[in-house]
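You will see chain A twice below: alongside chain B first, and alongside chain C after that.
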Partner chain A sequence: MIYEKYIKVLYIDMDTKRIRIEQRKDLIEYLGGVGVASKLLEENMKPELSPLDESQPIVFAIGAGSAIFPVITKTVAMFISPLTGELGESYAGGRMALTLFLAGYDAIVIHGKAKKPSYITINRNNVEIKDARAFWGMDSDEIGRVVRDREPGGGKRSIIRIGPAGENMVSYASVCVDTYRHFGRLGLGAVMGSKNLKAISIVGDRSIPIKNFKDYFKVYQEIYNRVTDTEIMSKYHDAGTPINIEPLNAAGGLPTKNLRQNVFEHGDKISGEAFAHKNLVRKMACTGCPVGCIHIGQFRREFDKGHEYESVSVGYDYELLFALGSFIGIKSSDEILQLIEKVEHLGMDAMSTGVVLGWATEAFMKKLVTEEQTLVPLAFGNTANYVKAIEYIAYKRNDFYKALSEGVDKASDIYGGKEFAMAFAKNEMAGYHTGYGMILGSAAGARHSHLCNGGYSVDQSMKEFNKEKLVDAIFAEEKERCMLNSLIICLFARKVYDRKTIIAALNSIGYAITDEELTAIGDRIYKTKLRIKKALGFKLADVKLPKRLFETPSLSGQLDEGISYELIDMYNRKLEEFTAG
Partner chain B sequence: MPKVLKSDGMNKCIGCFTCMLTCSGVNHQNHSVSKSAIKVKTSGGLQGKFISVVCIACKDERACAEACPSGALEKRKGGGVVLKPEKCIGCKRCVNACIVGAVNFDEDENKPIICRHCGICARFCPHECLRMEDVADDL
Partner chain C sequence: MRINVDVISWFTRFTGGKSRLELDLPPGTNAGAAVLVTGIPEDEIGFITVNGQKAEKEQLLAEGDSLKVYPLIIGG
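Up next is the complex of A and B:
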């Protein structure tokens, strides 16, 4: 809690409808965000039970700087992932961090399962578990609308919710936060579904006086000026993250058609520029972020004969254009937006969905599965059939789609095609075939996301390939991001928030913190995550990489399987030293 | 020359709420957006447009000041009013009198939140939605 020497945790039991509040002094050494959430996950998880067992916890936490400084906008969710069976960690922006901060909570732990579909409201003087039976089955757009109409607090409110995929416990179901942001990866939506929890509405309207205004506002202004004056504003605001499509495609690092190719011949039609010219209608920001990287694209859909049209607006980002674009051979921006709308409404992670469809298409082409199973002939570039397939996954239409709803690793266990099932330790790949950094970073990253340690970025910045340097860089970045995510700084602003700035910011709001302590916090958090992974049975040495990574050249050229496993082994030894020390 | 706030660029708003955070911070030394004199809202959920509700700096006749029974709202040069907190009794009549809905009430302080046209929101608006305009002294 800001200006206090404790972390305020709200515990909600869905089963008994009891709530409890604890002031945890012991959690201060984790600072906030992912540190606090990791510790709370470790304390509350039941490693011996299934990820979707009702006694498993969902943990949300805001960081030590949330809503206080510019671009510190994220909330972290931690849980046991139904997709990987181990550490689940996901971040969302929107208004959630501000509302939790102004509702007066640092973290929420939800456990138990409601007897009937329910939603939670968190207001200034109350926490309630309410009837959501009539909301069950609604898509993520509709449920947002009905809760918005039903609950007070407009403008100071955040509404997070799941769609049908979450209700049906698709292993990579997502959670929608304030319409345009998501806890996308690793299946938090399924965990909410397993608790009969459809939505959470949080109203933040408390008064929190600033203690040392002069110091605080001085630091605030410095950060604000750097954010708005530097290139991050222009890059992320201008055409946004999709601007990366063009250079990655040109350099041969854009995973295309289930990574059968590293260059997409229609890349120019789905580039950031193409979207900006054809579809971009609006830009938005998370609360407290002057950058405004959220890009909204619009397309026109004919819903009936006789010139009956509607306009549809959806958010788009680089990863979505890769997963629901190049990876499945979609060659127009309008079609990609149509697929995004589908995963958005059903509430599924766009990246996992796209990668799963890529695998399914190749499996169908190679006759590992028949049309009786796929129900529609899947083919790269066939949007109409992909729209149907996405729906079949969300509703687990038959055994084949049920397998797909559990991710490519599970599906390829059943139907074969492991060598082209593009996942790292069961988490579907991100849109970067950049080299060894991406492979090692995703395999070894605590949650097997490209964002754990930015391996794809190391690939692009390292001048000369050197195994030791690569392993060291990824290890250092993983720990640094643990620390950044304890505040929780949006990673787009990581260059603004250097150590000096972080210390000045924290000092101005009463944390007497040093550079060494920040390092120690990062180490402490990473060790907590590694303990969780160990308890859940993860062994880095057991990770198997799909052969396709070594067949299709990357941005760094042809990659070698042996070197990749060697790097993983080197990293593993580094971890052993780290955890023993 | 007196200045007043103009929020005529709201079509460009990205909804970052920096205006509200800095208004609350500078004028009320508070982290909460609730203390802000300017309110950015969406009409019709996030898919709707962003609008701002803030003092429009009425000239000549100021309904809020007219409604005040204790003389706590004095005419401000160039438009709008200045709150004299020591004279305010917390009756909320100004809140109802403002037909653009720009007067909010601070329940913790038992005082209305009155825009000072100080320009901090415009200074921290990253997208030129808000600006300050020079106006003649009408008093």
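Up next is the complex of A and C:
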């Protein structure tokens, strides 16, 4: 908590409805964000029990700089992932960080399972667990509307909620935050569902005076000007991350049709340019961000006969265009938006959903599964049948779709096709077939996401392939991001927040912190995550890579399986030295 | 020698709004140098294709070659 020497943690037991608050001085050495959340997860998790056991915790935390400086907008959620069975970590923007900050909490730990469907309301004076029986079954949009209508605090409120996929405990169910942001990856939605927790509404209405306003404002202005007056972040506002489609497609790094191809023949129809010309209607920002990177696209839908149309608005970014576009062969921006809307309403991670559908389509093509199991003939590019399949997954329509609801790793355990089940350590791949950096970064990353260490970015910046340098770069970036995520900076702004800027920012609000201490915090957090992973049974040496990665050329050319495993082994030895030290 | 350079719309902010440029360059010019003539800053360039094939900046150009310039991949 700003100007305090403790971390304020709100504990909520869904079963007993007991609420307590602790002021944890011992957590200050983790600074905030992912540091605090990792420690709280480690303290509260039950490694011997299922990820969806009611006694498992959900932890939310804001960072040491949340809502105080520009582009520090994220909240972290930590949990045991029902998808991977190990470390679950996910970030969301929107208004949640600001409202938690102004409600006066640094972190929330939620335990237990409510006896009936419930939602939680949190403000600075009161926490309540309320009846949500009438809301169970609602999609992410509807439940947002209902809570907005029922609960006061509009304008200073954040509402996070799950859809039917979370209720049905799909292993990669997401949590919708303020309509256009999400805790997307690794299945936080299923963990909320397992607790009968449909939504959380947070109202933050405190006012916190800044003590040394002159110093603070000087640093704030410098950061703000770098964000708004330089080119560092303008690309994120302009076309946004969908700009990636064109370069990745031209260079042979765009995963297409379950990575049977690295180039999409219809790439020009789903590029950032195509969306900007045809669908883009609005740009939005998380609270406290002057960039506005959230791109909202619109498509037209006939909802009744007689030319009855509605216009439907959904958010889009690169990962969604890859997963629900090129990866399943969808060749128009309108159709991609239609698929995004479907996963949004049902409350599923778009990336995992797309990759699962890619595997299912190839499994069907190769006759590993029949139409009796898939219920509709799955084919790359067939949007109408994918819309149905997404719904079948969310409701676990039959044994096949139940398997799909547990991810490609589980589905390929049952039906075969492991060689084209595109996951890293059970987490479905991100949209970058860029080279060894992406493979190592995803395999070794704490949550097996491209966001752990930006492996795709290392592939792009390395002038010459060198195994040692690659391993060192991924390792250094993973630790640095642990530190950045203790603040919690939006990673789009990582070039703005260099060490000097971070130190100046923290110093201006009373944290006397040095460069060495920031390094130590990053190390401490990474070690905590590694302890959690070990306790949950994860062994990097056991990771198996899908053969498809080595059959389809990447942006860096044809990749070698042996070199990939060698890199993982080198990283593993580095981790052994790190954790022993 | 005459070289055509196509840029995606993001880069038109550096090229005076033009998405296609025709350059007249001395023989022996390489792809990286040709792109810099357009005004696109070096640190903005992700990669270049020459006649549709990904090319190194050092690749020497020939009369009539078509270049396309792409930005760096961005994200978290």
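We take it that the second predicted complex is superposed on the first by the 579 of 581 C-alpha atoms of A that agree within 3 Å, B and C clash if a C-alpha of one lies under 4 Å from a C-alpha of the other, contacts with A are read in each partner's own complex, and residues count from 1 in each chain.
In this section, contacts are C-beta pairs under 8 Å (C-beta built on N, C-alpha and C of every residue); 3 or more make two chains touch, one makes a residue touch a chain.
If you're wondering where the values come from, they're calculated on a predicted model, not measured in any experiment.
Chemist: Of the two partners chain B and chain C, which one touches more residues belonging to chain A?
Modeler: Of chain B and chain C, more residues of chain A lie in contact with B.
Chemist: Which partner does A:Leu491 contact after superposing on A: first (chain B), second (chain C), both, neither?
Modeler: A:Leu491 sits against chain C, while chain B stays out of touch.
Chemist: Please work out whether A:Tyr456 is in contact with chain B alone, chain C alone, both, or neither, and reply first, second, both or neither.
Modeler: It touches chain C, and chain B stays clear.
Chemist: Please indicate which partner A:Ile200 is in contact with in the superposed arrangement: first for chain B, second for chain C, both, or neither.
Modeler: Touch partners of A:Ile200: none, neither chain B nor chain C.
Chemist: For A:Ile336, select first, second, both or neither according to whether it touches chain B, chain C, the two together, or no partner.
Modeler: Touch partners of A:Ile336: none, neither chain B nor chain C.
Chemist: Taking the superposition on A as described, I'd like to know which of chain B and chain C A:Gly288 touches: first, second, both or neither.
Modeler: After superposing on A, A:Gly288 lies in contact with chain B but is clear of chain C.
Chemist: For chain C, which residues count as touching chain A in their complex?
Modeler: 8-10, 44, 46-47, 49, 54, 68, 70-76
Chemist: Per the contact definition, I'd like the list of chain A residues that touch chain B in the complex.
Modeler: These residues of chain A touch chain B: 2, 67-68, 70, 98, 101-102, 144-145, 148, 154-156, 178-180, 204-210, 213, 216-217, 220, 224, 228, 233, 283-292, 294, 313.
Chemist: Show me the residue ranges of chain B that touch chain A in the complex, using the header's touch definition.
Modeler: 14-18, 21-22, 25-26, 29-35, 39-42, 45-47, 108, 124, 126-127
Chemist: Looking at the complex, which residues from chain A come into contact with chain C?
Modeler: Residues 231, 235-236, 238-239, 241, 243-244, 246-248, 250-253, 273, 276, 318-319, 432, 434, 450-451, 454, 456-457, 460, 490-492.
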